[in-house]
Every structure is written in C-alpha cells, then in structure tokens.
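One chain, chain A, links the two complexes that follow: it is found with chain B in the first and with chain C in the second.
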Partner chain A sequence: MGNNPFLSVKDLRVEYTSDKKAIYAVNGVSFELEKGKSLGLVGETGAGKTTIAKSIMRILQCPPACIKSGEIYLDGEDLLQKSEKDMLEIRGKEIAMIFQDPMSALNPLMTVGEQIAEVVATHDKSLSKHEAEQKAIEMMEMVGIVGSRAVEFPFQFSGGMKQRIVIAIALACNPQLLLADEPTTALDVTIQAQVLRMIKDLQDKIETSMILITHDLGVVAETCDTVNIVYAGKILEKGTVEEVFDAPTHPYTRGLFDSLPKLNEKTDRLTPIPGMPLDPSIKFEGCPFAPRCERATDRCRQGEIHETHLGGTHYCSCVLCDQRGEA
Partner chain B sequence: MGRYVFNRLLWMIFILIGVAILIFTILYLVPGDVSTHFLGESATIEDRAAFNHKYGLDQPYLAQLGNFLYSLFLKGDFGTSFKYNTPVIEELLVRIPRTLFLGVSCIVVNALIGIPLGMMAALHQNKWQDTLCMVLALLFVSVPNFWLALEMVDLFAIRLGWFPPFGIDKTTSWVMPIIAGSMAGVAANARQTRSSMLEVIRADFITTARAKGVDEGIVVRRHMLPNALIPVVTGLGVGPSKSIAGNVVIERIFTIPGVGTYMLSGIDNYDYPIVRSSVVILAVFSSLVMLLVDIVYAIIDPRIKAQYSGKAKGK
Partner chain C sequence: MAPVIEIRNLKKYFGVAAGTNHAVDDITMTIEKGTTMGVVGESGCGKSTLGRTIIRLLEPTAGNILLNGEDITHAKGHQLTKVREKMQIIFQDPYSSLNPRMSVEDTVSEPLVISKKYKSKAEINDAITEIFSLVGIDQRFRNAYPHEMDGGRRQRVGIARAIALNPEFVMCDEPVSALDVSVQAAVLNLLMDLQEQRKLTYMFVTHDLSVVKHISTNISVMYLGQLVETSPSDELFDMPLHPYTKALLSAIPSTDIHHKKEQILMKGEITSAINPKPGCRFAPRCPHATEACSQPQALQEVGKNHFVSCCRVKELG
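And then the complex of A and B:
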C-alpha cells in the first residue's frame, strides 16, 4: 500500500446507546483505499458496514450513534476533526452516498428533479435555479432516465428507476469518494446487474473511489479491487479480490464461501455457518467469531488478535494464521 | 382536480339531506308537546289544535319531513321561529359570521401554537424542551374548556379587569373565547405534530438530505416539515368541525350571539325550526372545511393529487 493513501480509516470505534445499554457496532476498524479503486465491505446484516460508511460521512446521529475514537483521513485531512460547517461542504460534494433502500431514500413530496438540483445548488451557489435544474436533467439522462421526467415525483417511478435517481443525486457533484450501501439489495435480480454496471461505468467516467457495501461476494468479485470481510464491527480479513477469493484464510471468510452454491459441484445442501452473530451489546475479548468457529481454541478468547500479513496486501486476523506466521 | 371538487360538492348535498332527515327525526321523537310549551298549561284544546295546524305539526311524520326537506332544499326556506315568529334565516345571517370568526380563529391559534410546540418537542426529543411541551399539551387537553373559560373569566375579567367577561362589544371581547376554545386543539396538534415529526426525523430521505450536505435548518424546513404536516392537516381538519360546531359551550359561557347560542335557545324553547336550521348550517360548515382540508392535502402531497386527478402524471 502507498504511503499516503486517498482514504485511510484508523481504529474506528462506534457505539450505539439504547436504553442506556451500549451496543458496540464498530470495534476498531482500520483500512485504506487508493484513489480510483473500489473496496468491498462484506459482512452479515448488523456487522457494522453501514455504520462505517455513515461514520466516514459523519451523518450518524449522536445520540444514539457516537463515534468513540478513531481517525478518518481523506486526502490527508482528518474528517473527524472537522467542524460541522466544513463537513457540510464535504458531504455530497467530496463524499457521496448511495442508500440501501431506494423506496424510502427520496423525499416523497419533492420532484426528482428538485431533489437532484438541491445537491447541485447546495455546492455551487453561483448556479441559478434554472442551471441547477438543467444539471439535474443532465444527470437523469446520464443514469438513463428521460430528462422530461424531472418534474415527476418519486411515487411515479419504479424501484430500479428510483435507485437511478439516488445514484444521480450521489454523482451529481462528481464526488471523489462514493459510498454505495447495498445499492442493489432492494432491487430485482434483473435490475441489479444493470445498476451495478452503471455505477461502475460512471465511476470510471468521473474517476471516483468507491466503497461498496454488500453481503454478496459475487457482486464484490465483479465490481471491486480490494475486499474487507467485516464481522461484529471488526475486519477479519482484507486484501485484493484475487488474494481473498483465491485463498480465503479466516475461518469466517471460508464459511462465507462455503455457504455459496457452486456451479461446478453438485451439492444437495449448502454448508451454513453454525450459530448466530455475536450479541453486539456484549464487549468481547479475543476473536468475535470464536463462539461459532470450529477451530477455535482457548487462545482465541484471550487478548487482542493481531493482523497477520499473509503476503501482498493480504491480511488476516486469526490466531491460526498468526501461529503460522510466527512459525 | 376540478372534477374532484365538483364530485365532493355533489356528495355534500346528499350528506346535508342526510343530516336534515336525521335532525328532523330526532326532534320529532323528542317527548313533550310543543303547543303546551308555547301556549301554556291553560290553553284550550282548540287553541292547541290551531297552533299545531298553523305549523303543520298535526300532519303525519312523512308529510312533515317532506315539507321540511322541500322548503329547505328547494325553496331555501329555513322556516319561521315558533317563539319569535321571524324567519330563522334572518337571524342566522347575522350570527353565522360570529361563529365562523370564532371557529376560524381557534383553528389558526391551534395551528400557530400547536405545530411549533410539537416541532420543538420532536427536535429536542427526550430533553427538557420535549418534556415541557408535552406536559403543557397534557395539561391543555385535560382541562375541560368550560372550566377553563370560567376560570379565565374569574381571573382576567373580574379580578384583573383586562378583558370584558362576556359579549362581543369590544375587540378584546374575543380574546378569552378564542383562547378557551382552542386549548384542547393546541394540545392535540402539538402531540400529533410531535409524533409525525419523530417518524419523519428517522426517515431515510432525511439521511439522504443530510448526505447532500444540506444545512440542518433547510433539512427541517424543506424535508421534515412538509412530510410531517400531512397527518397534522388531518388533525386540523377534524378540529374545525369540532371548533365550529363545538364552540357552542364557549359561545354560551361568553354569551356570544352566534349560531351555537341560537341553537341552544331553540332547544330550550322547543323551537324546532331554529334547531334544525342551525344543525344544517353547522353541517354545511363542517363539510366545507373537510373539503378544504382535502384540497390542502392535494396541494402538499402530489400522491394524493394524482389520486384525485385519476392520472399517473403529477402535473
């Protein structure tokens, strides 16, 4: 990895408070992203992927969700040290986000054109209302919707179309970093490929870096350069897509791959990962995956598990590879 | 949209006919003899028969009802008061503006105080502002308006002498009736606004708006408020019919010569034409306000507008 990566997240910790109980959503996450590259954050529901993305944008509402510690550097500047006023400039312009559920991500009472124009006008005050609307229409055409539909309201669009609008909003100001939070999960399989391809094309066109949040390893393989496997608010394994997909090392990553159907093998039953994700209100010690791991030893439940460098950019936080590394 | 309003107005006619039949029937079934009330115990049977014949009270139910509906809806004749022997409509025309003024003022006060109170509570959820607003709302909604009215008269009119205790002679006469008449509505609106704001605050599109880098003040005004107001408008819509029709008690306490007091005097005196006409007039108000609310709905919510116009396009 380069000395000065475009985005660098260091030891990020986020806690939610509900009924005075702490929920440990993100527990010391560190990763880096090079300019123009795509990173896949993969993990189960509740692993803290969305929280990581929202932390980068600083749109978590505290309370209940507070960033406890960590540093997030974008182009060498720590976003967590910035004032709210500075963040307003960054949100939507430098960093943009595509949201999970297109059905509820748009304001039902504003025309889609207005909603796209809003982000344009917010970040370029010199534009007249008409120019912002013009830009909105351009963006709609770019995501493949006829510009004349700008005067329509979200309820007049299908789910896939709405997601295109959400993408148009996110890309309207040519952001340097795009956070795509499960952009295709709520969509039909037929539309998924379309939307992914479009994001990818647009990303190439405006040279944006992207963090793609998903639980679909297939999507990662197709779209991303590097991948982080997230579990219980921790990154268990990271590396390039080739490294992780060719040699999944962490037992959790292997479990994920085992639970996918394979085309070249005839299997009656998929192998699920036994057990349930960790209760996030309990502060764990050692490896969060230990309770579900077949190969867990006493060593897994004590102290901090360190990242082991497996070669290239491939890292894994597991006692087993730690020992192998030491040996 | 125009077609929708037309349809609604058409429906209103049927609703009013229904109201008229209902109030007529209820009054017909009320026990007690009208002629005895007006002529006194000592009146002869002939006198009573003459009275009943003059006002058509000796006819069978259906004939009376038919007559009433015919003169009301086809001739626009609201009847003549038994007691004062004057056309009811003359009296109503003088009184309607007063009742409307009181009712509309109450709605305006409801909206102007209730909505900001609810917004403040929601934006500071679980902080002291929230608690304060909700305690106030609970207080207003729990206090019966007649009691509040009497206490206000005692304090502000009699002890402090700030406002006249009754009547409509001065502009300041209206202050206490409006306050007393709107408190329960203020509370209801504040609670409704709070709960719908809280729902909207957590909506995904608010996160979208924040992610655009839009200033929080604009997020509240442009994205939260319009969405939160939709259910509030419903509340405001139920309120007016209640305020206009329900301010009878307030009118009575402050002796405001409005439709409400007129109706009450009609009830006291077995003066059926007064009661019937007042009820029909109040029903007209209520229906018109409901229609107005539905139109306002369509203005804020394009989805409803599309429903009304029966087209898929919004504009």
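And then the complex of A and C:
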C-alpha cells in the first residue's frame, strides 16, 4: 500500500434519472491526489464537478442519482463499499465539504457556535458540552472571527464571515480531505482573496488535502498544485498547474484560456468557444468536445479516446495528441 | 465629442429600518458618445443603484441627470416615455429578466408596439427580423419561449429587447456574470460590435475586473456609495492611485502563474452605507488612514480624465 496515493478515484460513473430519462453526469473519471496537496477541478456549468465531489462524500441523493461504477480509495479503503453507518463516522471527520452558498449552508435557527460545536461533539463523544463549545470558539478565532460572536445567528454575519464559519465547521475535526465546492464564487474579490489565503494557511497547518471546485482559472492558479479540466463528465486534460497553464493542450482547455479577457495584454476581440455543451441525456461516443471543436475529425466521433501522456504528470485525452504526441 | 450622459451630484438614499442607506452619494460623472463607462465595486457598493437611477428606474434623491444636455431628472409622462426610448437596460440574470409566458418574438416586439413608431404588423415583423440577425438569434427561435433556450441565447434576447428602439444609451447591469466563460466571450463581442455599428454609449456595471478592462473606455471605482477613483481604463490598471483601487486590483486571481503579484490583503469587511460618518468610507479598512481621512473628501484631478478621492494621494504616490 505504501506508494498508493492518498485519494484515488477510478473510472467513476454517475447517472441521474429524471422523467425516465438518464442524465449522464460523470462518465468515467479517474484521478489521484497526494497528501497535503490541492487539486483544482475546473469546468463549466453542468460539467459534473459537484457530482464528483458529492460522490466522494457519498451524499448524492439516490434516486435520482446512481453511482453506476467506479472505486474511490481514501487512504487505501474503498469509500463506495462502506456502509452508511461507517460513512457517518467518516463524513465531517475524515472528509469535510465547504458548500458554494454560505447563505444556505448554515441553519438559520441555530447560533453559529452551536453549529460548529455540533460537528465537534458528534465526532468526539468524549467531549463535554462545554469542551465542544470551547473548541467552537477556538475554531472561530482560527478563521478570524472574535469568539464572543459564537452566540450570534447566521443572519448577523456578512457573506464573507458566513463562509468563514462554514469553513470553521468543515475544519473543526481536522479532516484529511477537504472538498471545497466553489467556496468563493458568492464572494467579492477582496473577500475571496482573504478566504483563499485563509484556507491555504489552515491547510498547511493541518496537512489537509483539498479538492477545489471552480470555474475560475485564476483561482486555480493562485491556490492549487494540480488541475483537472472537466467537460461533460470527463477529464479532458490533467497535470500540475505549471504543466497545464504553460502548455494547455486539449482544444477545450485552449478554448477556455482564449475566451478569458486578459488583464495584462490588449485583445480587441475575444475568442468564444462555438456551439453549446452536450445534452447530457445523450450518450456520446468518442470525444464529448468534438461537436464544438474546430479540429475534430471522424476519428474523434468514434470509439474510446485514450489519455496520452505528454510528460511529467501531464495527460490529455485528445486524438490529436495520440497521433503526433502533441496537438 | 458631446457627452450623452452627464450626472451632477447625484444622490439616491433609501430609508431602511436602521436609518438611511446612502446607496449613491454625491456622484458626478460624464459619459461621452460611443464610449463605455465601466463601473466596478464590491456587492452593495451602489453600482447597480447608480445605473438604475440614471435611466430613471429609481427616483433620484438629489442631483441632476442630463441626457444630451437636456435635464431629465424630473421627466414625467410623455417626456419620460420618450426618454426611455433613448435609454435602455440589459439585466444580469437572463433567466429572471424575461417573461416565461411570452415568446421571444413577443418580448422583443413589445417595445416596438409601445413606441407607436410602426404602422403595421408587417413593419414590426421586418424590424424584428433585422434585430434578430443583428444580435445573432436564429429566426427559428422566434416562437420559442425562454425556457427552451440556453443562457447565452437568452441574454441575446435581453440585448435584442434593449436595442430594439435604437437607444443611445444602454446600461448593462452585469450582463455576463451569469454566463460561462466560453459564452461570455461571445456576448461581450456582440456588445462591442453593436456599439461600433450603432455608436452606442454604455455604462457597464460589473464586479469582474478583467471583463471591465476589456470593454471599457473609462472606469469608475465605487466604494459604499461613493466614487473613489475614475480614470481611462488602461491608466487605472497601470497606475491605480486610491488605496482601495490598489487593493481591489491586487486581489484579482491571475492565470499568469509565473508573475505572482503581491496581494494587498485588506483588514475587515465592507461596512455599510447606512448612516455613514463623514469622511472616506474606506478609511476603517485602509492601511494608510490618518486623522485627515475623517474629513469629507473631494475628487482631485491627477491627470487627464483621472480623478481620485483621497486626501493622501499625493504623499502616497
């Protein structure tokens, strides 16, 4: 087991059923994450990023969602084989999740102190009520909110502070894996910078591994070690942030970079990606990006597209790299 | 070039339980024909309120609004209808700003019918065909309903409705922030093309600084209802002067992994504009604040079209 990565997801497939139609949300996703490192999952709306995180946390509602196949190993143990009772132990303690919207992630009828203490008490039964409350106050101070505000309710806090409380709840039990689902999308840039810096500092302190879900490539560049580009429930390109940002190879990754307005260079026109994302209720063959790709050929529309190793830890699932080593 | 929009000491206050919210406080600006004024700031700083007050969707508390030199601050009835033809708005959320029970064609034709400029159904029909091809909506979507379209197409419908009567001034209220980046680029290109073809004047409200840099001629930075800095777009990014502008620009996450910039992390959170104290509202978070910052601040000219509202701007450089 010694060389095994800390988290490893193998060929994960998730489907939703709605109106008797299947929605293919995650279509064979595999990736790994080392201890103490951060992985960015980047993709557009509906790419399946949140579904991947919820599968790891095992909080997908079933039905409508169904994990069709795959293995998720955390520290050598397959989470998908665990009973719900085991998962109750693992959730919050080993794996914690930060949700996108801090406004709806907190219980409006409980004080924030109670909400942090609840997690602590659930996972450490030996603690007295008072000790759990003390720990809650400690956590609040760690995320930069004065402990005396533990008796206040969520509505008394600003958006940025609520998100910090959500983070305090997530980190209260020193989880080994943190799933952060667009943790700063609802926040302003200056507050976003504060929150990202804080997550990073705390992560260094307790050696947590993190999966950061976002659609913002800038946030990935500032926070992550490795990055996976997700499209239509598939990973099209992955590697370290340096590998992918220095040499984006998949036409979709390149399209994403090209469509961003740049701060440090003058462009007269942006280059949008033509077309629209796939209808997820249609099972595709070949590359999911082929209908929008200018360089697509017949080969792209049939059979399985294999991952090509571009060097280092850089992989790209594109026929063009398969043929020439580089697209 | 003549200014299309001029506002002088514009104020918009809202009465709230805790007192008075100074959402827009004493703002003066000029927008020249064919240019884009970007307005940036964090949520709650009053940027949307400013835009909506200018196009008279909200009643101003004090100050003046001039459209092509004509004072429209108190325009009513028929005059206001005429003013509205010249000033339009594109909303942030293409999902909630379209009537789900109206077909796309009905939505876009409504302003044409209200204007009474078209004599027959056939004329309206022709006008819609033209508008659709201008904004890039396929004619087969004429009878479609909003729920049948994706976000990018819906936003095109919102744009079609706004430009249907050939306005001079369009207030764009975060028009791309609900869209994915690949679609966002296409909508930004469309807005810039329309501006060129029709000599449109825009006010572009957004919190996305790379978008605002791309589209704007001039940029105004707001903080809690006040204008803290206004400058030509490139100059603002090359030489930000107000401490808030500097902090804001340094906080943008950059995709450039080899040139890490030093982030200026601000202390604390945005306070509120309810019953504010006199003086600079950024002072409680500002690393350079002194006694003098509690006095009311005036905009100082520091370059051509570049104004800053900070009493320490000269010494800080």
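We adopt the following convention: the second predicted complex is superposed on the first by the 321 of 327 C-alpha atoms of A that agree within 3 Å, B and C clash if a C-alpha of one lies under 4 Å from a C-alpha of the other, contacts with A are read in each partner's own complex, and residues count from 1 in each chain.
We take it that a contact is a pair of C-beta atoms (placed from the backbone, for glycine too) under 8 Å apart; a residue touches a chain by one contact, two chains touch by 3 or more.
Given the structure is predicted, the values throughout are model-derived calculations rather than measurements.
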{"item": "Chain A as common anchor, with chain B and chain C clashing or fitting", "value": "fit"}
{"item": "Contacts of A:I206 with chain B and chain C, given as first, second, both or neither", "value": "neither"}
{"item": "C-alpha centroid angle, chain C to chain B via chain A, nearest 10°", "value": "70"}
{"item": "When both partners are placed on the shared chain, which of chain B and chain C touches more of chain A", "value": "C"}
{"item": "Which superposed partner A:N264 touches (first chain B, second chain C, both, neither)", "value": "second"}
{"item": "Partner chain in contact with A:E242 - chain B first, chain C second, else both or neither", "value": "second"}
{"item": "First, second, both or neither for A:C62, with chain B first and chain C second", "value": "neither"}
{"item": "Contacts of A:I282 with chain B and chain C, given as first, second, both or neither", "value": "neither"}
{"item": "Which of chain B and chain C A:T190 touches, first, second, both or neither", "value": "second"}
{"item": "Shortest CA-CA distance in Å separating chain B from chain C in the superposed model", "value": "9"}
{"item": "Residues of chain A contacting chain B in one complex and chain C in the other", "value": "none"}
{"item": "Touching residues (chain side chain A, partner chain C) in the complex", "value": "44-45, 158-161, 188-194, 196-197, 215-219, 221-222, 241-242, 245-246, 255-264, 267, 269-273, 276"}
{"item": "Of chain A, residues touching chain B in the complex", "value": "54, 57, 59, 87-93, 96-97, 99-101, 104-111, 118-119, 122-123, 151-153, 155-156, 166, 169"}
{"item": "Chain A-facing residues of chain B, complex", "value": "203-205, 207-215, 222-223, 226-227, 300-303, 306, 312-315"}
{"item": "Chain A-facing residues of chain C, complex", "value": "42-43, 150, 152, 180-186, 188-189, 192, 207, 209-211, 213-215, 237, 247-248, 250-257, 263, 265-266, 269-270"}
